[in-house]
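What follows is a group of structures, each given as structure tokens.
Next come two complexes built around chain A: one with chain B, the other with chain C.
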Partner chain A sequence: MATTRKAAIVGGNRIPFARSNSAYAQASNQDMLTATLDGLVARFGLQGQQVGEVVAGAVLKHARDFNLTRESVLGSALDPRTPAYDVQQACGTGLEAAVLVANKIALGQIDSGIAGGVDTTSDAPLAVGEDLRRILISLNSAKTVQDRLKAIARIRPGMIAPEIPRNAEPRTGLAMGEHAQLTAHEWQIGREEQDELTVRSHQNMAAAYERGFFDDLVTPFLGLSRDQNLRPDTSLEKLATLKPVFGKALPEGAEATMTAGNSTPLTDGASAVLLASDEWAAEHSLPVLAHLVDAQTAAVDYVHGGEGLLMAPVYAVPTMLARNGLTLQDFDFYEIHEAFASTVLATMKAWEDPAYCKEKLGLDAPLGSIDRAKLNVHGSSLAAGHPFAATGGRIVASLAKTLHEAGPGKRGLISICAAGGQGVVAILES
Partner chain B sequence: MADWYTNFANSGFGTTVTKQLGLPRPAVLRRYEPGRPLLPGPVVIGSAGSGRLRETLTRVVTDAGGTVLPAVEPDGEKPAAVLLDATGVTGPGQLVAAHDFLAPAIKRLRASGRVLVLADPPADADSPATAAARQALDGLVRSIGKELLNGSTANLVFVPEGAESSLASPVRFFLSGRSAYVDGQVVTLSAADVPTGEDADRPLAGRVAVVTGAARGIGAAIARVMARDGAHVVAVDIPAAGQSLAEVANEVGGTALQLDITAADAPARLVEHLRERHGGVDVVVHNAGITRDKLLVNMDAARWNSVMAVNLQAQLDITEALLAAEGVLRDGARVVCVSSQSGIAGNRGQTNYAASKAGIIGMVRAWAPAFAARRATINAVAPGFIVTEMTANMPFGTREVGSRINSLQQGGLPVDVAETIAWLAQPGSAGVNGQTVRVCGQSMLGA
Partner chain C sequence: MATTVLDGPPNMAALFARAALTSRGRGGDLPETRLARHGVAVEPAEVAAYARICRFPFGDALPATYPHLLTFPLQMALMSDRAFPLALPGLVHVRNRIDQLRPIGLGEELDLEVWAERFARHRSGATVDLCASVSAGGAEVWRGRSTYLARGATAPEGAPEADVDVEVGVLPPATITWRIPDDAGRRYAKVSGDVNPIHLSGLTAKAFGFKRAIAHGMWVEACVLAAVDNRLPDAFTVDVGFRKPLYLPSTVTLATAVREGGWDAAVRNARAGTDHLSATIRPL
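Up next is the complex of A and B:
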């Protein structure tokens, strides 16, 4: 077991991403993940075949979905003897799943695997309040009629309201957008540059759809054949009319710059990526689009440490670059997940800042700037939307195809920020 | 499988009603099922003229597990098929032999029976009298088709000198349930190097077959039949149809390729896909088609152009690209193009569609010699009234009339079209080239 091999990315599939409570309002995570797996199976002719492992997850999950990925496999056209497990690392889930599969392939423990992710904000789990939950549990364990009646008698009308999952950090009570707005303020990220990045994301993705780039990356679902959030005709003028939606945590007088346009909306969707050893791909006459070369995670102390919630990838990247003897400029394509336009801009600004790179990242020199023409060339989350756990799979498959189209020896960097102050980054190479 | 009227007409009460009122009495057709015998009864073979094919025909039938009756007796076993070898007729006077053989045999023919006449092509005749006699058989067969009852069909195969080895696959097809809805058709064979020894139940084993427009309807049926016959199906359709395309691909154990065949780079992308994933292709079924109906005087250029682009130009472009790509279209390749009854008969409101579908017939005829030169074939199939989602949405009257005006008095099923295409795709069908076979139950339209 001494040698390792690089895992190949064979291809991917996702369903178009839908806006919350819209096209996929009636679809569960399992429905979407199963359809996504089936699209992948159809694309690569894997019906009835076993892959080494299927790894996927969801950020918002019902209690009944404890074995979501395995249940999806059982409902798919794959061999029912294909093992599967769930992972969850917030918005990093999809990329982390790919890294886990790639690592097992690298170690020779499996020869092929599928990594994926799914999320629905429409079919979100509701929980009963903590008081009611405790009463219901004691009701369930009550042995006598008397005990049962006692338990029921403790229920008060005020307990009936359900607990709805919130897009907020448990330790700060702030929505992720509020955190991002604080970071944007700290890094002086202006409204206009956020809107410019947003327009480019929509335009790049629309152009990619037009030329058929997504023909072998997306399979329509429930009548949707393109991402519902995509606005090919959006413009700076249109985006400028939107009012800021975050900023309540900003200091007095600071300008709120983040709108529904330059932030990702709540989205439903799923994605999957097929990884394998080169040999497995060759045996199945399947292409190798790229290899997953390396990956890194990091986390920041956004609670007490004075760091922005979504800044962890800024730390993960230099660690990974050093390990691979690369500079930030040694890449042909960059995929920086657009949770918010300001997140991408703050990330790049931090890498350009000598003082920050020295003090926070411990680097002698700043990582420097990246060529914007190489950034998110086929659009990213601002255009596609961002079903949390599905974003990693979307990016891995799209970047792998981008690298493959560009020819051999091309390199791409993926950077994904996640809730809880975490980040997952990776290098792909064609 | 049969439509409501066919079910009704075959019920106890329905039989009485339809007989008394003189209503159409469509039969439940005998359709192919793998593993079943070629025919539900014996074959009787007769001759008119010198008849050079009798021995070959006997061998084809017995090789396929059939039995040959020496003659039809008034009280003897009923034949399931009647074969007339009319090769060698030199003048109209000899045709009375055809009458003398066929009349008693057809009288005893079983339900879903087959009448198949084999003759020399009129175009090859060396005298007007010979040509007249050969051509006369065409009128004879078409009329028999209209007289036959109970789901029986009549077809004619012209066999030129030297094309005897091409005979087995067409004879098996016309006798079998695969040709259930093929009636009143004429197919002219050509001499070819015909491979032997294919598995009768899986004639497409090991072959890679591309089917365009495979997400639903006739295309999905083609994918299913191709897969049943052993092919690996590459199911192609527009990206927007991807969900049902994936379902079809998963059902048949094939692969889904989302591709707009009218895109400028579509031929190159398809060729590359076939090269990379399959090392080439054996069968290409150009099935994708659209309608944009309007009377000619009301039709805008967009309607005209989109129909032409999908139905005809894409077939030309993709076929050309496959022919040009070294080693992709494999030895013995089969291209089958889906034309339409509208392309033969014309149809009100379908100038664009009918033009595109007629164009396909010209295309396969013109391409046939080039395909023959590389041991390949190209043919067209022209469906008549086929019961699909599209026809289910037609007004009741239009649908009922449209489905009854043919000799079998019923609409065909997508599987009927698919069976004919799968037959043309067989390695053994090497001697069928440049032909257009209608799958229309001998429709009155354009006949």
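Up next is the complex of A and C:
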């Protein structure tokens, strides 16, 4: 077994993210992932070539898409002999995929790979209700006409309505936003600071588009050339007019602070990142934007343990920092996924809180605060939107380019919260 | 030569009806008329429905067979006109050739022009080619040529020999099997507008001498192209010979081989091995 090496991030590609049931309403996950892979292939001249592995996934996935990534590879310009597999870790999917590819590169098992993710809330998989599903299964296995008729006779009109996938936790029955609103209340995250973070996200991303930052990160698709959710002209005043959309689970008298503005909307899109060994990149005359240095996952007991659903990254980061001998302040850029503005704010507040850091994270001293000027400098999910599995690839590619532009030796932190009380975090270095 | 520019697509069902009612007493030479439409924009949702049914990916490039859907109604209008010498009912699509000069973007405005040419003698009648040219921004981007056979018809004096055969080399055993359901014709009719009764039901097909409904040749051709779509150059020619009718339902196989930078392909009946379609695809 060879010693390990750091995996390089060569570059990325994504399609602009579209609002649900809009520009990409007719596109399937496979259509979007294939187009995104082909854009990446075109950008780095990989037509007809094999890469070590393609790893991607979708959170909302049709049963027929069991081999979504491999099928997308077979429909792409890559060599059909390129292996691929699917992963799914809710909103952590895209970053986890990048970590998996990077680890295989680090171990010398592959020399190059593509990590990605895709999601559509427009072409979502509908399931029949559980009662009807069981009847249909018994109908399928029925041997005699009589058995079949018996099965059919059990179907009631009320069973016909399909089950639409909801953005809710199976164990708590609460929408992710409801969970986040509980956490926002617990950490006393105010409406105004959430709206401020939201405005900054839109402004940062709009400015990045203006200066051409995304020119080699985004390929237009189906008439979109920018993220559809991006509102460069949004303002605190405009956001202040929006009504709260979560808060059902709040205690009496508590203020609901989360709106459609400071929460990410349902979005369709796909992203992909090309990773490789330094040698492979050099052989192909391709740049190395940054290296993926380390990564960490964590999970919290949000069901019975009194922790917030989206707080897992808060735990993952100190573990990763300790292993790398770093402090929270040793970074030039921070990418904290804006599932909700309140999530980012609660995450930072937790790291600043001495009692929480001691009792929950087991640290002697709080991790401390983050320089806001280094946070989500090119905007994040509040502006771009958040097609669940595609967000990781968006962030990895954008941060790698940001670090590369800043020069060698720069360091960036990625923090992504995910459904199920999980978190994926990583360190990138130029 | 006169070119008539139409404002919209002609109504296909009405054309079929007109053609059927006026099928008797036709003859003479091919009309020199050309039909055209300008500034045609495709509807993304319609392209998506077409892509789904032919298993094309849906994205920014039009499926290579899609412009045929745009030009076919114009060709139908030409053929159903009384001036056209052959009766439309009973015409058999025996060959199709498409030149894609470059991929066409979903949002491009297209200019269409169709005409008929090459009235030719065939051992069992006469053939005629319905041609189409598609341009974007003044430059031709796509050409189509569909050869139809009219059994028992007579080509004019001095007409050339028909050219309907597409030869493919020996192909390896097929690895792709398609189960084609009995509603394949109706489903394709819905997205393509080609409501020729021979594709719609057994009953309507029988009225035109087929024992069952048959699949649209252009649909099978589209399925073949879709199967190799990501492995085609930007500019290519696909030349397809339609052999034995593909009765619905059927199980067929697709055999492919890389040839001369392109592909040879054949769709055959899975049991009998009879050829339904042979195709050559070559870079342009």
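Rule of thumb we're sticking to: the second predicted complex is superposed on the first by the 429 of 430 C-alpha atoms of A that agree within 3 Å, B and C clash if a C-alpha of one lies under 4 Å from a C-alpha of the other, contacts with A are read in each partner's own complex, and residues count from 1 in each chain.
Quick note on the criterion: a contact is a pair of C-beta atoms (placed from the backbone, for glycine too) under 8 Å apart; a residue touches a chain by one contact, two chains touch by 3 or more.
The shown structure was predicted, so the numbers you read here are calculated from the model rather than taken from an experiment.
For A:G92, decide between first (touching chain B), second (touching chain C), both and neither.
Once the two structures are laid over each other on A, A:G92 reaches no partner at all.
In the three-chain superposition, say which chain, chain B or chain C, touches more residues of chain A.
B
Does chain B (first) or chain C (second) touch A:A27, or do both, or does neither?
second
Kindly classify A:G261 by the partners it touches after superposition: chain B alone (first), chain C alone (second), both, or neither?
Touch status of A:G261: no partner.
Identify the partner contact of A:F221: answer first if only chain B is touched, second if only chain C is, both if each is, neither if none is.
both
I'd like to know which partner A:A35 touches here: chain B for first, chain C for second, both or neither.
Both: A:A35 reaches chain B and chain C.
Check the residue A:Q47 against both partner chains and state whether it touches chain B (first), chain C (second), both, or neither.
After superposing on A, A:Q47 lies in contact with chain B but is clear of chain C.
Give one of first, second, both or neither to describe whether A:A77 is in contact with chain B, with chain C, with both, or with none.
both
Overlap the chain B and chain C contact sets on chain A and report the shared residues.
35, 38, 77, 220-222.
Touching chain A in the complex: which residues of chain C?
44-45, 48-49, 57-60, 106-107, 229-231
For chain B, which residues count as touching chain A in their complex?
Listed in rising order, the residues are 232, 235, 239-243, 245-247, 249-250, 253-260, 263, 265, 269, 276-279.
Quick one: which bits of chain A touch chain C in the complex? Just the residue numbers, please.
That would be residues 25-28, 30-31, 34-35, 38, 74-77, 80, 220-223 of chain A.
Going by the contact rule set out above, which residues of chain A touch chain B in the complex?
Result: residues 35, 38-39, 41-45, 47-48, 77, 212, 214-216, 218-222, 225, 285-287 of chain A touch chain B.
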